[in-house]
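Please read through the structure below; I'll follow up with questions.
Order of writing sets the chain letters: A, B and C. Residues in each chain are counted from 1.
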Amino acid sequence: MSDITYSGQTPVPPPEVVEEHHPHHPFLQHHFEDLGQQHEASTLGMWTFLTTEILFFGGIMLAYWVYRLAYPDAWSVASTLQNTRLGGINTIVLITSSLTMALAVREAQLGRRLRIVAMLFLTLIFGSLFLGIKMYEYHAHWVEGLFPGTAWHWNENPDLAPKIQLFMTFYWGMTALHALHMVIGAGLLLWFMWRAWKDQFGPEYYGPVEVMGLYWHFVDIVWIFLYPFLYLIHGHKH
Amino acid sequence: MMLADFPLWPDQASTVAGPTDTLFIFMCVLTGGVSLLTFLVIFYLAIKYRRTPENELAQDIEPPKALEITWIVVPAIIFLGIFVWGSWLYFHVARVPDNALDIYATGKQWMWKFQHPGGQREINTLHVPVNRPVRITLASEDVIHSLFLPAFRVKMDVLPNRYRSMWFQATKTGKFHIFCAEYCGTLHSGMIGWVEVMEPSAYQRWLAGGSEGSLASQGEQLFQKYACSTCHTNDATGRGPVLQGVYGTQVMLSDNSIVPADDNYIRESILNPRAKVVKGFQPIMPTFQGQVNEEDLLKLLAYVKSLAAPKTPPVEPKSPAAIQSNAGAPTNPGATTSSTTTATTTSKGQTQ
Amino acid sequence: MSTSQTLYDVRSVEPARTRNYLNEDYGFFSWVLTRDHKRIAILYLISVSVMFVIGGFFAMMMRLELLTPEGDLLTSDTYNKFFTMHGIVMIFFFLIPVIPAVLGNFLLPIMLGAKDLAFPRINLLSWYLYVIAAVVGLVVIVTGGVDTGWTFYTPFSTQYSNTHVFGTTFAGFIAGFSSILTGLNFIVTTHRMRAPGLTWYRLPLFVWSMYATAIVQLLATPVLAITLIMLMIERTLGVGFFDPALGGDPVLYQHMFWFYSHPAVYIMILPAMGVASEVVAAFTRKRIFGYKFVAFSSLAIAFLGFLVWAHHLFVAGISVYSAMIFAFLSFAVAIPSAIKVFNWTATLYKASVSWQTPMLYIMGFIGLFTIGGVTGLFLASLGLDIHVTDTYFVVAHFHYVMVGGTVMAYLAGIHYWWPKITGRMYPEWWARLAALLVFVGFNLTFFPQFVLGYLGMPRRYHAYAPEFQVLNVLSSAGASVLAIGYALPIVYLLWSLKNGRPAGINPWGAVGLEWTTSSPPPKENFHQTPVVTWEAYDYPGLLKAMGETQNV
């Protein structure tokens, strides 16, 4: 009487049934069917995460544009306070690091252990160089009194000074958030170098490197937006 | 419990209270009726088709598409109707009558300060005449507040560093609540007061009670005190633009853009002169940010308004006749009372 | 009840006798380091329940204070802190996670026929972030609290409040990450982990609603995160993004805040709608009327929900024309909700309606959500909103949606799936009593607030005009009934853990993958990966099977 089921619904087999066990890849997690599903899931996961990151940076960029359209003069003057040359060098450095990151993904697909480590290391070097130059710029701004709040003592243009301070709040906020993403990326690079050294990646299993690459390229692209937004307004008055 | 202590309906004391209540009652009946019908249907079906030994399994029903379409389209049409009605009311409330009496309000933690055109000031109490449109220009000294007059069905948020305005026309005399409706800190619930709506004659007597000169004349004194008059001369010889007849017009700026010379333009030009420089002038005016408080700013504003070019024969210089750059046709309900109101302000202006 | 037994695959055995996720291993660390979505759901269940009690305490103190017009029980500072922390605790730490993180976490993989969520470690991380945020929040509460209102409007929050704004916004920021990670996991799992044969149109409507919720979590929450960071920067530096002194605009803050916080309303209500669909189907033994309409109305709500944020700003300083656009879109977003209500109602036609507790809650849900929904139309009507915005009318409206909607649906869901989660039945009689108390208490608490709002009583008032007292006393009386109604389930559900009748695989005679595995389910959910060959809510199939067995 209690055994009534019907064709549609699978009845429960008795609990004693033992799961079949196939020999599988050491990095295949138990809840995935195969490495392909695992790879697809992690890639989609990273793309989804990057979508949230776009909205994260998008929020502050929206606020930036609201004020830029309201105070074009102050924004123009403020951009002249930036070191365009250092910013430009940093842009090149970061794009180069994306190239080495892409090469690291390729080496992972080919399973060449030492080359993966080398490419990840180069990426780390370029990333660190970027952060170093950024620190130098920060220091210069601090000395000039271009840090908002009580430390502010830049007053060359008293009329525009409040709005320039507003601009500099965006400058510090946006670049610091970007730098934070770089630092997280650098930490991931160190971890991945260690994993590559342990020969964990190869043609069968390179997904993590690819996903890490997606993140690194995203951080790169954010800077591609920040550089013109913050450094290159002057001379482009709408 | 006496019924007087336990109202279930707010006072209807302004021209917009009636239309607001009509929409509210209409929506109560409509949505209440539909909701009640839905509840009855749910109960009827849930009882009729309750599970019994004979009714262990439901019948399989193929849902008719037409039914789905019906209950998408019909609500959509009803919603559209309500949307149009609500927007009509909103437009009506947004459009200030031309002949409104100008009163200035400043919100600060935690009080309301009101300034009348005649220079009378009061805190947490506002005296207004009945049957006459009143426009309140709102400023905040600190955080965001919201001036809420429930008996008049009007409310407007008060922002720091920006002027906003609201209006009402009281239809009966009496005392009505003033509330702050935007949370503003510790004593938010103490930021309350009373509007006292008076017969015009009583209002006149109240106005005569005391004043330090009209608001515009106090503004004029400030205009001298801050040495504005050294640049903003009456003829075209000064280093700044002539202010006579500027208010309510369109101004061309140095970048050839055109902006309306409204309340917020005047405010910005005082606090941040170089933001919008009039064409043909140098950006040399210093900022008065931090030197002029909100109440004095409102006095200066009243003075600049009083210099506005009279478009019609000048009954009284302080009349904000030309202020509403966005005002539509004079089809508003306050139009009939204009003659008495101008007379009121004129006599008050002469008290000094 | 006895006749119903013929329908069920009962196999009632003591839960402890079967191998399941609860007795797989034991000990503290087997829980706090678990990666099993079911155990994480239990961790969430415990944490959100604790937060609900804390938030409820603040609510009760507020209702006590509002018994009299004078502010005599609490000081105005304390009152302001209490309503602020009530809002923050209830929204960020209860309503947003409650259904996704408890019921969604437990059920989504099972409904998809998966062994776990796609990223079990991220799932655990999401719980830890929640706990960290909750701890930061609680530290803030015990060290003095915060008094800005849960909306943190500038410049009050950045320059005038002298309470723990930074700590609170930081807690909200962390809680946001927890929410994002849950959403991310759900999206990837729904896309990549469905069992063979489980096409999109075979998914239970709960999965559709969780998917729509996850989209909103992913796209809205980061904007809250950046907005709160901007707020924290401004508060720390003393100047900043929304500072009027620098030319900043406090209204911009409100736009950015509501760009998250309006969609957040749908993060709270969409999962409730999913629960309603499941319960209505199970307790009417019918396929949900208009399955595709209900499914796509979830996505429509998720999409339109992003386009209506400025309806919170009709008197705050936006232009007349933008107000009109946002009002229009606000009416548009009401249509998919109406579709759902009508379809649930139509499902009852020629059904086999069981009046068991989950169904009682869902009938309450439909009623209260409908009232909450139609009063939203009042607020969307521009001219009317001028009068009722920022009054108790708004308070009543969103409590009808959030408490009458989300909490009722959550209670329905927890009763419906309790046998699956714990392997034991709850006591039906007590549960029906609690459902009745919740329904009566809720209406008594919040219906008078609609009247208060139209009378003009503003929100967030510590003391109020004496003519509002009668309605406030009614409301406070209702709140005490409501409190008893909420306390009862906590007691009898805990009691049932040990003393409840063993539930068996399918105590309701419901269809759905979760009712094909044992109660509680084994660690890997199914003893073998299910292959799905039937539509969602295949009660017609059940009917056919019944016919066949009767003919045998």
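Keep in mind that, in the parts below, a contact is a pair of C-beta atoms (placed from the backbone, for glycine too) under 8 Å apart; a residue touches a chain by one contact, two chains touch by 3 or more.
The model shown is predicted, which means the values in this text are computed figures rather than measured ones.
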Identity of the chain that, by mean CA position, is farthest from subunit A: B
Innermost chain, taking as reference the mean of every protein Cα atom displayed: C
Chain pair, most C-beta pairs within the contact cut-off: B-C
Centroid spacing, where centroids are CA-atom means, of subunit A and subunit C in whole angstrom: 32
Rounded Å distance, subunit A centre to subunit B centre (Cα mean): 47
Distance between the centres, which are taken as Cα means, of subunit C and subunit B, whole angstrom: 38
Multi-partner residues of subunit A (each touching 2 or more other chains): 71
Residue numbers of subunit C (touch at least two other chains): 6-7, 245, 247, 542, 546
Per-residue overlap in subunit B, given as positions that touch at least 2 other chains: 272
Parts of subunit C lying in touch with subunit A, wherever the complex brings them together: 5-11, 18-19, 114-120, 122, 180, 184-185, 187-189, 191-193, 218-223, 225-227, 229-230, 233-234, 236-241, 243, 245-249, 252, 256, 259, 505, 511, 515-518, 522, 524, 527-531, 533-534, 538, 541-542, 544-546, 548-549
Subunit B residues within the subunit C interface of the complex: 1, 5-10, 16, 19-20, 23-24, 27, 31-32, 34-35, 38-39, 41-42, 45-47, 49-51, 53, 55-61, 63, 67-68, 71-72, 75-76, 79-80, 82-83, 85-94, 109, 142-144, 146, 148, 150-151, 153-157, 159-162, 164, 177, 179-190, 192, 272, 289
Residues of subunit A that touch subunit C when the two form their complex: 1-13, 15, 17, 19, 29-31, 33, 37, 40-42, 44-45, 48-49, 51-53, 55-60, 62-63, 66-67, 70-71, 74, 148-150, 152, 162-163, 165-166, 169-170, 173, 177
Subunit A contact footprint on subunit B (complex, rising order): 272-275, 283, 287
Touching residues on subunit C, where the partner in the complex is subunit B: 3-4, 6-7, 71, 76-77, 80, 147-149, 153, 155-156, 160-161, 244-245, 247, 250-251, 284-287, 289-290, 293, 314-317, 320, 323-324, 327-328, 331-332, 334-335, 338-339, 341-343, 345-346, 348-355, 363, 366-367, 370-371, 374-375, 377-378, 380-387, 389-391, 451, 454-456, 458-467, 469-470, 539-540, 542-543, 546
